[in-house]
Amino acid sequence: MTNAEIGVVLLSLRIAALVVVVSIVPGVLTGWLLARWRSPLRFVVQGVVMLPLVLPPIVTGYVLLEALGRQTWLGRAWHELTGTHLSYSTTACVVAAAVVGFPLLVESVRLAVLGVDERLEVVSRSLGRGRSSTFLRVTLPLALPGVLTGAVLAFARALGEYGATMVLAANVEGQTRQIPLAVAALLNKPGQDAAVTRLVVMSVALSFAALLGAAACSVWQRRRRGAR
Amino acid sequence: GSGDEDGLVVYAAASLTDVAEKLVGGEGRVAVGASSALARQILEGAPADVFVSASNHWVDVVAGAGWAAGEPRVLARNRLVCIAATDSALVGVLPGDLAAALPPDARVAIADEGVPAGEYVRQSLAATGDLAALRPRLVGQADVRGVLAAVAGGHVDAGFVYRTDALASDRVVVLFELDPTTHAPVEIVGLALTAEGVELLATWSAVPARAILREAGFGVGHP
Amino acid sequence: MITADVTHRFGGFTLDVSFESSGPVVGVFGRSGSGKSTLLSAIAGVVRSPVARVNVDGVTLADRPGGVWLPPDKRGLALVTQDPLLFPHLTTRGNLTYAPGADAALTSDRGRQIVDVLRLEPLLDRNAAVLSGGEQQRVALGRALLSEPRMLLLDEPVSALDGELAREVLALLLEAKTTLGVPMLFVTHRASELLALADDCLVLDDGKLVAQGPPIDVLSRPRDVGVAKLVGVDNLLRLRVVEHDERAGITHLDLGAGLRLASPFCAAPVDTLVDIGVYAEDVILCRRAPDATSARNTLAATVTSLDAIDREVLVGLELGATPIRVRVTAGAVAELDLRLGEPLVALIKTTACHHLSERR
Amino acid sequence: MTNAEIGVVLLSLRIAALVVVVSIVPGVLTGWLLARWRSPLRFVVQGVVMLPLVLPPIVTGYVLLEALGRQTWLGRAWHELTGTHLSYSTTACVVAAAVVGFPLLVESVRLAVLGVDERLEVVSRSLGRGRSSTFLRVTLPLALPGVLTGAVLAFARALGEYGATMVLAANVEGQTRQIPLAVAALLNKPGQDAAVTRLVVMSVALSFAALLGAAACSVWQRRRRGAR
Amino acid sequence: MITADVTHRFGGFTLDVSFESSGPVVGVFGRSGSGKSTLLSAIAGVVRSPVARVNVDGVTLADRPGGVWLPPDKRGLALVTQDPLLFPHLTTRGNLTYAPGADAALTSDRGRQIVDVLRLEPLLDRNAAVLSGGEQQRVALGRALLSEPRMLLLDEPVSALDGELAREVLALLLEAKTTLGVPMLFVTHRASELLALADDCLVLDDGKLVAQGPPIDVLSRPRDVGVAKLVGVDNLLRLRVVEHDERAGITHLDLGAGLRLASPFCAAPVDTLVDIGVYAEDVILCRRAPDATSARNTLAATVTSLDAIDREVLVGLELGATPIRVRVTAGAVAELDLRLGEPLVALIKTTACHHLSERR
């Protein structure tokens, strides 16, 4: 692997890891809300959350660009705060991948929370633990497989994200050119099949490592509680 | 670059990836993508210094929106060819006979609508009267590289690409060239978006740059 | 001191119970499906009932529709549900120390005593999800006790425990009541638990409160067919009033075949039917009628069945035309040489005949 | 909306529906297997299933084209059977979208099956129902929320699928030009924003309808069993 | 006829039970955590034990490591677990008709009888997930009965039912055994259920079989301290052997303060300690010693405590230096005018003193 390729892989890894870090808390909270909230309004929220899945990624990219570009209110606010531009930066890659992966995370958490026996939460409340303490001590640990799965899916999706990133972050070497963008660039050049293969293999290896890590984590949790 | 700390940024059409990177060398970085996507990004304030497109179309849009720092500049010319796999039975076919020579369920790859190469080819086929016969066989690809890959992989029987692309692959042969008079001229247009971009673009008229372009198969020199 | 007024609907079932009890330990008794668990949930605040007024020791925990609604975690009522519902991702220790402050409680003297009586020591570091049924029930009870609640709400806390353990756990609860003054509301199916633990007893039937009072009163003098059935009065007889003897305080009832049963005086007119409950233990059997006895009823009887249950024998008798069941020890069977078809004499005290008011 | 646009929307709908129809059975079975299979080999299967998520969609497209193109063994077999080529057909769109959406379906089902109390399956077995009967009568109905979520995710993903489809199915008017391909083509030309918006709105409406349909389905199931 | 030989390990717990019983109804008795449920699971084949040989009525259901392993659905053993585990997505009817063929069974006479006794009629179209604890237990039992199994495996089938219902359900099971010949293996904590239903009884302790035999024998003549504790022999006495009277078949034991207890002859040498179990019911109390009695032990006693439990009173006595508990009726307390500190006479038959072999 060339140095440039190593750079691309490391960038991809950094982006995917940041995506997980950034979206895990809102993702878990949203998934929990969607699982436990009885109001029909939840379908609206669910629909909005799912948008990035159903929109063609390029469209998601344009929507994000319209919202976060340098000309926009949000884009300017970001510039005020950080002194850098959001679009066309590594941050933009993270934002694009996080948005696209968000529905996967949320739906995983939602499903897992649905599988948690509500009566356990009731018992926790009656033992004097409030709503948030109950969430942290009962719901979240029991929904852990879903949280892990969601994190792995979001991670994997970030490793494979092309469309939205290409629009919001553009394909700039060293800054936004993660694996899929690099692959796209390589495919535009003749005779780069070997490099493409190397990058793709690295990407698969990373996501497989994430998968195994998550599996180890849930096995460890199960082991810790001595289950079958 | 345009307020950016680390060097120049050149936005180049996907079909120019290779040559753009060579042209820029170590002086900056290249962002590649569909001309349309690049143009929209520039319109949204992307930090590009130079925009290199395979057609005037989006260059005009960008310039029209007031983002230009100089005049559009034709860097090179290209031609369109029809290609097939090296072992194709179509080798030797004449331009007008393509539709008839194709086997019954044959497919012909073409760059998608809106993509410059796709627009030029459709223009040409319409002018020669072959479009109607070929239309049911046309398979739109995202860009000319997609066409090239489909032909080289044997997934389609023939395809239309730039001459430069055809030269870059040894798994395809050129069946014929499209008559340049049947479509708008294929011009690689550069547009500087910043003062630094103007300087960079100026160097691309110099001899070394022209050698790079020529080596890649582009037509350079004065029309 | 607990007062509660709760209305809750589930499809066809309606719980509508209002009571006030000075406790401290209130037993809830009732057949399966009568609403016992629902009552506990409503008091704990884990279901939102349209009407729910709950006050424990002067603290208003809920007053709906009045607008007061403390969430369950603010009520300080530890609910032990019928299904133990341990936290499956925690160990026994994790479950026991779950409530705020339970960590310290576990290491206190009291905590050690709880662990001891409930025999939790060997389970402490085991995963709660793999405990046996009885082990789970004990952990659930320990978890509630260690949360140091304002009041305990226990739903059949010893149903999965064997006799010895159940007795010890009841003793522990009794002690919690006396030494710590923790009031309790507990559901049970067994009269003996009620008698051992409860100061006051609520009897529910089909979502309604049908009796309330000290357990001994409610159980030994059931005033109601439903309650009698529930507490296991073995002989429920529907007999015709033959005559009243107001002076002696006796009403004579017709057993058929010319036999009469002397029961406590009741107001039912002659020739109407009344319901009488007689415990199987309250009938004494003899070979021959004794010379002198305080029992007003000395009745000729025939043995129709003999069933050994436990170390007792259930003897089916025909008193006149009325079948009744009598519970005697196996020893007595041998001694009396009981056989099917044998004639016998049954002695029944007047006071052993309980008049039941008809419901439904 | 123009007639062409209506055609595009209907084609998209057809493709997305076919994706669900085609992948639901293998998806549910795979999800079940991954949830209940104890062997560590399951991680390999899970990794393979997740590949389309982590691979850049174009790469997935090329891999599929290499496997199913008309030069390949599979492609020829398909031609023998159906008389048509798989690549560049509506079927290709379905295949591409199904492959890309498969991990979402599988992971949803897996999570939902993980939430089903295994002891219920044990009871079912002891009552004389075999493994498959138990699956159909106990596991599947109880995992229904996950199956529905998975189906909706796969449906939505199919509506938004661009990269793999572009390579395997390309843009053939009337046959493969679903919403994302049409949108991509429109975005290549200036001044087509209105048409793009129309198509995107339709796509969002379709997926929202699917979401509501699934919600209604699970509410109906819960209603039918008279739960809270 | 059932033979089983099962070894199963969970962490620190090992079940290792091998028995053969001609049934048809085998009761399994044992303290909480002794492995009763695990034994049932192993026989049902829902856990894979390293050693599992199970044969019911001549059919080999499992022979590991011999290589035979029928899956649970091929065994025809309906398992009713401690937790009712109803299918939450089905109605009561759906649960009852779950097993293959149960549809037809439900509409048969027998099915209607089951529905009747278990009082399932009003529950039929209710969702199983929202039933009360007792209702769920009844449905689970009905579901198993309607599956027409080769054998029923019942884990505390009536623990959540009230007295009346429990008696009726036991009667139903008794009938299933007699009229349908369905053999059963059932777990219980209550001696009365064992006596009512079981022909043979297994006592487990810590994963081992510690006693087997007809329930009446196992319960009334426990040969083992563990079993005695379990079945609730109220007085476990450790006494010194004073002298043997081989001719009379009596061993005299020292109660302290010069008092002796005549027990059945045993081989323990003089001056060694032996364990004796005496049921609280087997002691008769009198104000004065009777003129003539068959009881060999007529012992002076002092009342040290009086506790009302149920309609009985537990009387604490000091016999010499030995405390024992005696269970009498409330009536007897009144009649004898029992008070703390009063002197009394206790009559104990020699045969009521059970020698226990020490274990552990």
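A, B, C, D and E label the chains in the order they appear, each numbered from 1.
Keep in mind that, in the parts below, a contact is a pair of C-beta atoms (placed from the backbone, for glycine too) under 8 Å apart; a residue touches a chain by one contact, two chains touch by 3 or more.
The structure presented is a predicted model; accordingly, all values stated were derived computationally and were not measured.
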| item | value |
| --- | --- |
| Number of hops, chain A to chain B, where each hop joins two touching chains | 1 |
| Cα-centroid distance, chain C relative to chain E, in whole angstrom | 22 |
| Approximate Å spacing (C-alpha centroids) for the pair chain B, chain C | 89 |
| Chain C-chain D separation of Cα centroids, rounded to whole Å | 57 |
| Where chain E touches two or more other chains, by residue | 11, 83, 126, 130 |
| Shared-contact residues (touching 2 or more other chains) in chain D | 184, 187, 226 |
| Multi-partner residues of chain B (each touching 2 or more other chains) | 37, 40, 149 |
| Pairwise chain contacts, counting only pairs that touch as defined | A-B, A-C, A-D, B-D, C-E, D-E |
| Residue ranges of chain E touching chain C (in the complex, touch as defined) | 10-11, 30-33, 36-38, 82-83, 119, 126, 130-135, 138, 155-156, 159-167, 189-192, 195-196, 216, 219-220, 229-232, 279, 281, 308-311, 329 |
| Chain D residues touching chain B - in the complex, by the definition given at the top | 62, 65-66, 69-71, 84-85, 87-88, 166-167, 170-173, 177, 181, 184-190 |
| Contact footprint of chain A on chain C as seen in their complex | 44-46, 71-73, 75-79, 81, 83, 85, 87-91, 98-100, 126-130, 143-144, 147, 149, 153 |
| Contacting residues of chain B [partner chain D, same complex] | 34-37, 39-40, 57-58, 61, 105, 107, 109, 112-115, 138-142, 146, 149-150, 153-156 |
| Sites on chain A touched by chain D in the complex | 43, 46-47, 50-51, 53-59, 62, 103-104, 107-108, 110-112, 114-116, 145-146, 149, 152-153, 156-157, 159-160, 162-163, 179-180, 183-184, 187, 196, 200, 203-204, 206-208, 211-212, 215 |
